[in-house]
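These notes are about the structure you will find just below.
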Amino acid sequence: MTEWAFDALLAGGLLGLAWQIVASRVLFRSVVLFIVFGLLMAVTWARLHAPDLALAEAAIGAGITGALLLSAYRAFLSRRGTDPGPPPVFPRWAAVGVAALVGALVGGIGWVVVGLEPPEQTAGREALAHLAISGVENPVTAVLLNFRSIDTLSEVVVLFVAFLAARVVAQDLAHAGPGDWLRASRNEPVLVQPLIAFIAPMTVLAAGYLLWSGEHQPGGAFQAGAVLAALGVLLRLTGRLRPTSEPSLAERLSLVGGVVLFSAIGLAGAGVASAVLAYPEGWEYELILLVETALTIAIALPLVLLFSGSGGLRREVR
Amino acid sequence: MSGVALPLSFFVPLLTALVVFVIGVRRAYGVILLGALTTLAVALYVAYAVAVGGPQVHYLGGWEPPLGVELYADGLSALMLAMTALVGAGVTLYAGPYLRGKGHDGERFWPLWLVQWATLNGTFLSADLFNLYVMLELLTLTAAPLAAMAGDRPSLAAAMRYLLLALLGSMAYLLGVALLYGGTGTLHLREAGELAGAEPYTAVAAALMTAGLFAKAAVFPLHIWLMPAHSNAPAPASAALSALVAKAGLYLVLRLWLWTFPALLSAPMGWLIGGLGAVAVVYGSVQALRQPRLKQVIAYSTIAQLGYLLLLLPLVALPAAAVSAWHGVVLHALAHGFAKAGAFLAAGNMIYCLGHDRLEGLRGVTPYLSVTLLALGLAFVSLMGLPPSGGFLAKWLLLEGALAAGQWFWGGVVLLGGLIAAAYSFRVLALAHAEVPHGYAEIRSPRRLPPAMEWAPLALVLLAYGMLLGGVPILELLDQGAPEGVR
Amino acid sequence: MSLDAVHELLPLWALLASVITAVVIFALRDHRQRQRTFWNLFGASVKLVLVLLMLHGVMLGHSYEVVYPVLPGVTLLLTVDALALLFAFLSAVLWLVTTVYAVAYLEHSGQRARFFGFFSLCVAATFGIALAGNLFTFFLFYELLTLATWPLVVHRGHPAALAAGRTYLAYTLGGGVALLTGVVAVQAALGDVAFSAGGIPAFSDWAEAEPFQATAVLALMLAGVGVKAALVPLHRWLPVAMVAPAPVSALLHAVAVVKAGAFGVVRILQDVAGPEVAQTLGVAPVLVALAAVTILYGSVRALAQTDLKRRLAFSTVSQVSYITLGVALGGPLALLGGLVHLVHQGLMKITLFFCAGYYAETRGIHRIDELDGIGPRMPWISAAFTVGALGMIGLPPVAGFISKWYLGLGALEQGQTWLLGVLVLSTLLNAAYFLPVLRRIWMLPEPAGRPEVPPERASRWLLYPALFTAAAALLAGLLAAWDVSPLGWAQRIVEQEYPAP
Amino acid sequence: MIPAEWWLGVAILGPMLALPVLATRRPLLIGAVMAAAPAVQLVPLTLSGDLQLSVPWLLLEARFAVDALGGGLLLLSAPVSAAVLLMAVAQTQGNIRQAGLLAALTATICAFAGVLLAADLATFYFAYAVMTLGAYPLVVYRRDPEAFRAGRVYLGMAVLAEAAILAAVLLIAASGGNPDLAAVPGLVAEHPKAGLLVGLLLAGFAVKAGVVPLHAWLPLAHPAAPIPASALLSALLVKAALIGWWRLLPVGEVALPTLGLAVIAAGVVTNLYANLIGITQHRAKTVLAYSTVSQMGLLTTLLGLGLIAPGVAGAALLATVLFAIHHGLAKGALFLGCGLQGRGRGWYLLLPALALVGAPLTAGALGKLAIKEVAEPLFGPLAAWLLTALSVLTALLMVRLLALVARGEGLGGDAPASRGAVVGLIVAGLVVPWAVAALFWPELPGAMEGVGYWLDSSLPLIVGGALGAWLLVHRHGRDLPTIPEGDWIKPALLGGLRLRYALLRIWQRLPHPPRPPSLSVITRLSAAIESRLVAVAMSGVLFLVLVLGISLLGLLAGR
Amino acid sequence: MTQAAFFSLVAGALSGIAIYGLITQRHLLRRILAVNVLGNSVFLLLVALARRDPDYVDPVPHAMVLTGIVIAVSATAFALVLARRYYSETGLTHLPEDEE
């Protein structure tokens, strides 16, 4: 019963927040509530026995996305030139019509979903059945890095492409990302330096743990990458990393390294194993770990660069 | 061996893109060309293998569906792959001098375009619904920045609009995939179709996926993003977007309806979707008629031409019409791909020479752009479906199918579309023939085109004409692995 | 490839002769005048030789066929029969002549590469139409012709030319759509069927089974070719298109376009539907009526024109319908008249347009009232014009009389006496609009103050083609009863279409 | 040596073949050759046997032959042509348009010979049409407004006639391909549309023959044309109509009494009317033109007689040939005589004029007698009386002519050659008809016996001459009504012009159909639609509608 | 009603709200937010469906969602950069056609 009550509360919270996000009068509230929404989502994942997702959502959905949104919100505040005024309001009668249509759609989806019988044979069952020969123990990781590894590979490409795409429309460094780079100076609060000195290694450690543990329990490259990215965001915000317009060679190599390594191993699989993206028997675990490590960096770096709004980052030596 | 060619067609351009990104375009131009040629070779090999040995299958990671992801090349895939490779090779050859001439170094363009190429190949080969979702997102994220590349107000707005609609579309698609997986437990395209049947959830899933793909492929009521996006992109990007990316979306629509949802394809459904196609054919052409710039005309023409592909759905259910319509639609996709790419590249030549693509500027450019204008003219001829182009063969087959089944309405749409296409085409071509107005003084003489730019459009367009000679082998290839109704 | 195989593919070589000429000319830069002229004439001559070879072959009883499968169940078929050769030979000869004329005519204008490229392409398309062995091939080249002629029509590029181009396209493409619909409907109903003399047997079965559909299809196809044949009310493009340079007008009116339309009528009525089926379906009588109306309408409109080329254009509207009339009437004699007029009209009208172009080019004469007294000043070209005009009136011994003779006989053979009235009235009208022109040319005094043009500007090569075609028109009439005259050849065709019982 | 039958071709083309002599620019040579050339027309007559020439490759297998009608008229054609050409050479000496005139004249002469000798329908039509058109340059030779007006009327009427003939020719050919002319009357007689056919033929050739009211071109064309051309028109061209009639109509095959009577009536009316109008005219050549019309009326009457009674057809044909030769030679001499210079020229005209009146011993008397011989069996004395009455008018007309000539100035040069031409024609006019009559109708001259005949034949001359002299002396012809040349044609043309302007005015006042909506409406509409669709919100809504629509149809399909 | 079905319904409702927001809101940031909410709703549906069978938790949808989340953040990041560039070029926070 309590579980039901909790679920209901969770659902109510999600719906209420969603409504506030799309309909509240104050934009800032929407942005902040979206971060809350992400956290609530993470709780929901947890409720639904999806701890991997809960971790990822907290780190990426709420964390990184939130940071991106906030910095974008700030950019929208800094009005230049003429004041365009608020966007025109959607006419009420039309909104009612839209609501009716949306209602019909929701009703339809709801009706279908409730009537959906779980099929006997699913890809998930197959995955669980083949878990033993996948080389890892966490079924999600097995799916991601073995059974359907092409998705993972492509998805990292997506991230890379997002970075490339952002470079196409990027503004100058002064106006990109969180705004002007603030050189870490003596004016900053006294606690910042020690905290960073503490947090940075801890975060790297946590990321390493997540990465390693992803093999048998919730965690993995995404989560680890998100945590690393969060560190990058922190360093960028505190002025420890300076944005540069073009990535250095090392950065470029890191950006593509994950995919290249993954592809190389995958293509080698055509020779040594049966098919492309197949791991040679007995080497599954090692290779997956290797790939995951490379992917962690390949995930973290674009995220940081996207937040920073720059092509690259340099360590700032004081 | 031949199985490896399927993943290679995805990995070769992808890795080329990554290498180019790392070592920089200036040093990697040879790599780009090498990658493009390799991809072309792989794609043609796949087509050959399919033609000789029937549909090709490759299980990625060695896992068979439903567990793993299957790459599957039947005749349709092979043809699309080959078309993409040929157009892609043309675009690649063209883009180098074009970007250099426009003062770009291409650092942004090349990786995006090569990844896009890889994604296109992936889209045509993948038989996995979720993998296709990833591919669609990749297409969106490579296409939108290309559209925004000009960086001015209209192109940014266009990219923004495109992005929003495309995201809505992909989310709808994913929702549909979720429902389908929830109902069948598999993500494999054909398996899901075999398991699903005509259930309520299939209907909703089909609706969501179709509508989502429509938003991505710019089918009639959701087409508004296409014109500004495609007309503002750099010419080689426009060519790829119009000829390939938009078509990939429609390719998926057809795949889904023929392989996954054939049970839902009732006559009213055919009328609804085919009707949208018909409206698109007419509407897009009429819009093209009033555009002041060349690339806008060509972009609206894309909207119209994509509409033809949807005419398959009402016809494919009729036994008398099915085979002809199927052949016609695929030929149309191919011919349109070549012709449209050629047209956009030709428009690029105009921009390169004159600095703009306003139609009025076509007056008196013939001496400088004769080859280009020939390519443009031939491309338009194929678009309006006049002989001896591939577009004509496609139209002939569509019409034959429609008339054989007594479907005069669809036949009428095909004909009407051709007529309006002729109207906008000749509006453009007439200006190319028009004399220079009185008092016209050339402020600066147009630039000379590098040979690659001069001939690439013509070569692409001529491919559309080569179909007159290769029609039979192409359709034999298409019959490899074609579904029951259209064999 | 053995010599025999090469010989078998003669139709293909002849087609390629003009296509390759077109490509080569497109590739030449504009200022390469000598090379272009060489290629032009070379291509035209080679083609003529090849056509003559085929002519020889067909006379020896050989038949040529080139088949290429384009789509499953759709073939590109080039066959050579007597009817095909009639048109092919006409176009090959007149192409050569027109090329000579055009080279001289456009010597000083721009965009010659484009012009001559499309010029050659146009002839290739005409040749394809002539040799088409089935409806698909026919349509293919028929539309190609539209495309190839449009750049010629708008060649001058001024607003009037562009407007003419628009009108031209609106009509021809519209007609193309009608034709396409009909052709595809035949394909859908009967599959890939080749033309056969006297009508496709399958078509007549179909017409019996589904008379309504067959009628509609036949009507659509005829409407399609009727546009190019300039049948009222589909004729409006033709007078407008005369803004094009004179060689183009010659091409449009005599060699290619209207001829293609008329030839299409012949093919569709004789070799697809067959005269009897067309008669029973009620299509032929309607066509006869339309042709009669067109004959009179064109002549009446021609009367009112003050521009020489416009008058000639309306005259074409009227004259081409003679062909349609002859075919639609559907008897051996009428068909003979129609077919022979296909050639005769070409010879006469091309002469007239050559002359009109000559006047325009050398003296800047466009209006009829500017022609006063030009005859004694330019006797040769004016003599050619006179021959053409008299032929158009149907005055013996110029060729036009022979056509009219057989048309009249054909009409009477079919019991359509009223058509005699049409023919006679049309003769009167022709006289009414041509004789005053001749009077101005020969009889009226030259107006004072006409600028003296140095004679060298008038290239001799503008003159010779006109003289050649005029002589040909005269001889075609004078020697009509000779075996190898157009009439003789047409008789051979008619014997195939209406085999003696 | 040329095969005998090819002399037919030479006879036709002979004068044309002489044309290159113009290049020599030696007037004497030119005159001699041109005058001699028509002599080849006589060659076929001297050759024995039934000459038949068939040229299978020419036109529609052309055939040529000589028969009584053709051969007889060749006797007319050759001297007239020679005289005309000689006169033309003489009078246009030094004129730059000499070559043009001679070319047109020879072309017409050749075409006329073609008309005479053609033995198949198509060739006949061909020659006839060429002759008709060839005469046009002759009419408008002077290039002044009068000439052009005359030319317009001539051409208009000729072409209309040509059309009628063409229709008839095609109708005939429809039942027999391209038949021999000899077979044509039979074909016409049995033709299902014989009535129409005969009507077309009569009307078509009547224009050329100048039957009232289709004569209007003659009084315009003759004064407008130069002297030799006028002579040719009157002496030869109009006779072509006779050939057409006699060759194509079923004369002698069937009896067409009603039609025959109508033709006779037309002939009589023509004669009467033309004489009366002619008297009122003030120019010699106009008077002569009306005289031609009136004489053609007599020839028309002969055709009518042949139509009424097949039995007399042979005689009527012979009479026609005889009268035609006489008239041609006399009229040719009169016209050419008008072209002479000086006071004495009236004397040259006297003899031919007397012949026309039919004075005793002249060829005219022979001709009139022939007509009477043919007509009397059918109409009895009425015919003789009528003929006499008409001759009186002719005599009046001739008096008028001589008076005008005596008063007026000459029209052409006064070269000796001209005089020679005139004299030659006068002599021929005295000799040839008699010779023909003697050869082919020996009993005819025999009929000129008895006082009655002499009285009858001199009566018109005496009465007419006296009346004319009286009028001349007392009235000087001053108060004669002024009738325009070509009588009805001028008012008709004016009326036509007015009608045209009236119609034009009406046309301009008619409401014009509204213009169809232009393309801009469509483009504006489409622009409006596109601007509504472009909002993402609208796309979203449409997206929803699409999803719901496909879902609904999918659910229905599932049922 | 099972927990999975319940959350599926919630997911449906969330997607409805998101689409409504996407249509009715004009500020670019809000529209991007709406798309994100839409994405989350789809993820929720997937995860809820994975949970239907009491025997096991289906890992495939989880993997899909994980992939989806990364894609979503990539797209969001690019959309935000684009929106900011658009704003700085035009001074508008909404698309030009939404101007009244």
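Each chain gets a letter, A, B, C, D and E, in the order it is written, and its residues are counted from 1.
The criterion applied here is as follows: contacts are C-beta pairs under 8 Å (C-beta built on N, C-alpha and C of every residue); 3 or more make two chains touch, one makes a residue touch a chain.
Bear in mind the structure is a predicted one, so any value in this text is a computation, not a measurement.
Enquirer: Return the chains common to the contact lists of chain B and chain E.
Expert: A, D
Enquirer: Suppose you hop from chain C to any chain it touches, then on again the same way; how many hops at least until you reach chain E?
Expert: 2
Enquirer: Compute the centre of every chain as the mean of its C-alpha atoms, then state which one is farthest from the centre of chain C.
Expert: Comparing chain centres, A lies farthest from chain C.
Enquirer: If you count the C-beta pairs in contact for each pair of chains, which pair comes out on top?
Expert: A-E
Enquirer: Using mean Cα positions as chain centres, tell me which chain lies farthest from chain E.
Expert: D
Enquirer: Report the most central chain, judged by the distance from each chain's C-alpha mean to the global C-alpha mean.
Expert: Smallest offset from the overall C-alpha mean is found for C.
Enquirer: Just give me the whole-number Å value for how far the CA centre of chain A lies from that of chain B.
Expert: Centres of chain A and chain B (C-alpha means) sit 31 Å apart.
Enquirer: Give, as an integer number of Å, the spacing between the C-alpha centres of chain C and chain A.
Expert: Computed value for the inter-centroid distance: 72 Å.
Enquirer: Measure off the straight-line distance from the CA centroid of chain C to the CA centroid of chain D, and report it in whole Å.
Expert: Distance between chain centres, rounded to whole Å: 37 Å.
Enquirer: For chain A versus chain E, what separation do you get between their C-alpha means, in angstrom?
Expert: 13
Enquirer: Pull out every residue in chain B that's touching 2 or more other chains.
Expert: In chain B, 130, 134, 137, 141, 144-145, 148, 151, 156, 159, 161, 164, 168, 175, 179, 181-182, 187, 200, 204 touch at least two other chains.
Enquirer: Counting only residues that touch at least two other chains, what does the list for chain D look like?
Expert: Where chain D meets two or more other chains at a single residue, that happens at 534, 536-537, 540-541, 544-545, 547-548, 551.
Enquirer: Using the touch definition from the top, which residues of chain A touch two or more other chains?
Expert: 90, 94, 98, 102, 105, 108-109, 113, 116, 118, 122-125, 127, 148, 151, 155, 158, 161-162, 165-166, 169
Enquirer: Between which chains is there touch?
Expert: Pairs satisfying the touch definition: A-B, A-D, A-E, B-C, B-D, B-E, C-D, D-E.
Enquirer: Which stretch or stretches of chain C touch chain B in the complex?
Expert: 26, 30, 68-72, 74, 76, 110-111, 113-114, 136, 139-141, 143-144, 146-147, 150-151, 154-159, 161-162, 165-166, 169, 173-174, 176-177, 180-181, 184-185, 187-189
Enquirer: Report the residues of chain E in contact with chain B in the complex, numbered from low to high.
Expert: Its residues touching chain B are 15, 19, 22, 28, 31-32, 35, 38-39, 42, 45-46, 49, 52, 60-61, 64, 67-68, 71, 74-75, 78-79, 82-83, 85-86, 89-90, 95-96.
Enquirer: In the complex formed with chain E, which residues of chain B make contact?
Expert: Against chain E, the touching part of chain B is residues 130, 134, 137, 140-141, 144-145, 148, 151-153, 156-157, 159-161, 163-164, 167-168, 171, 174-175, 178-179, 181-182, 187.
Enquirer: If we count contacts the way the header does, which residues on chain D are in touch with chain E in the complex?
Expert: 531, 534-537, 540-541, 544
Enquirer: Give every residue of chain D touching chain B within the complex, in rising order.
Expert: Of all residues in chain D, those touching chain B are 519, 522-523, 526-527, 529-530, 533-534, 536, 538-540, 542-543, 545-558.
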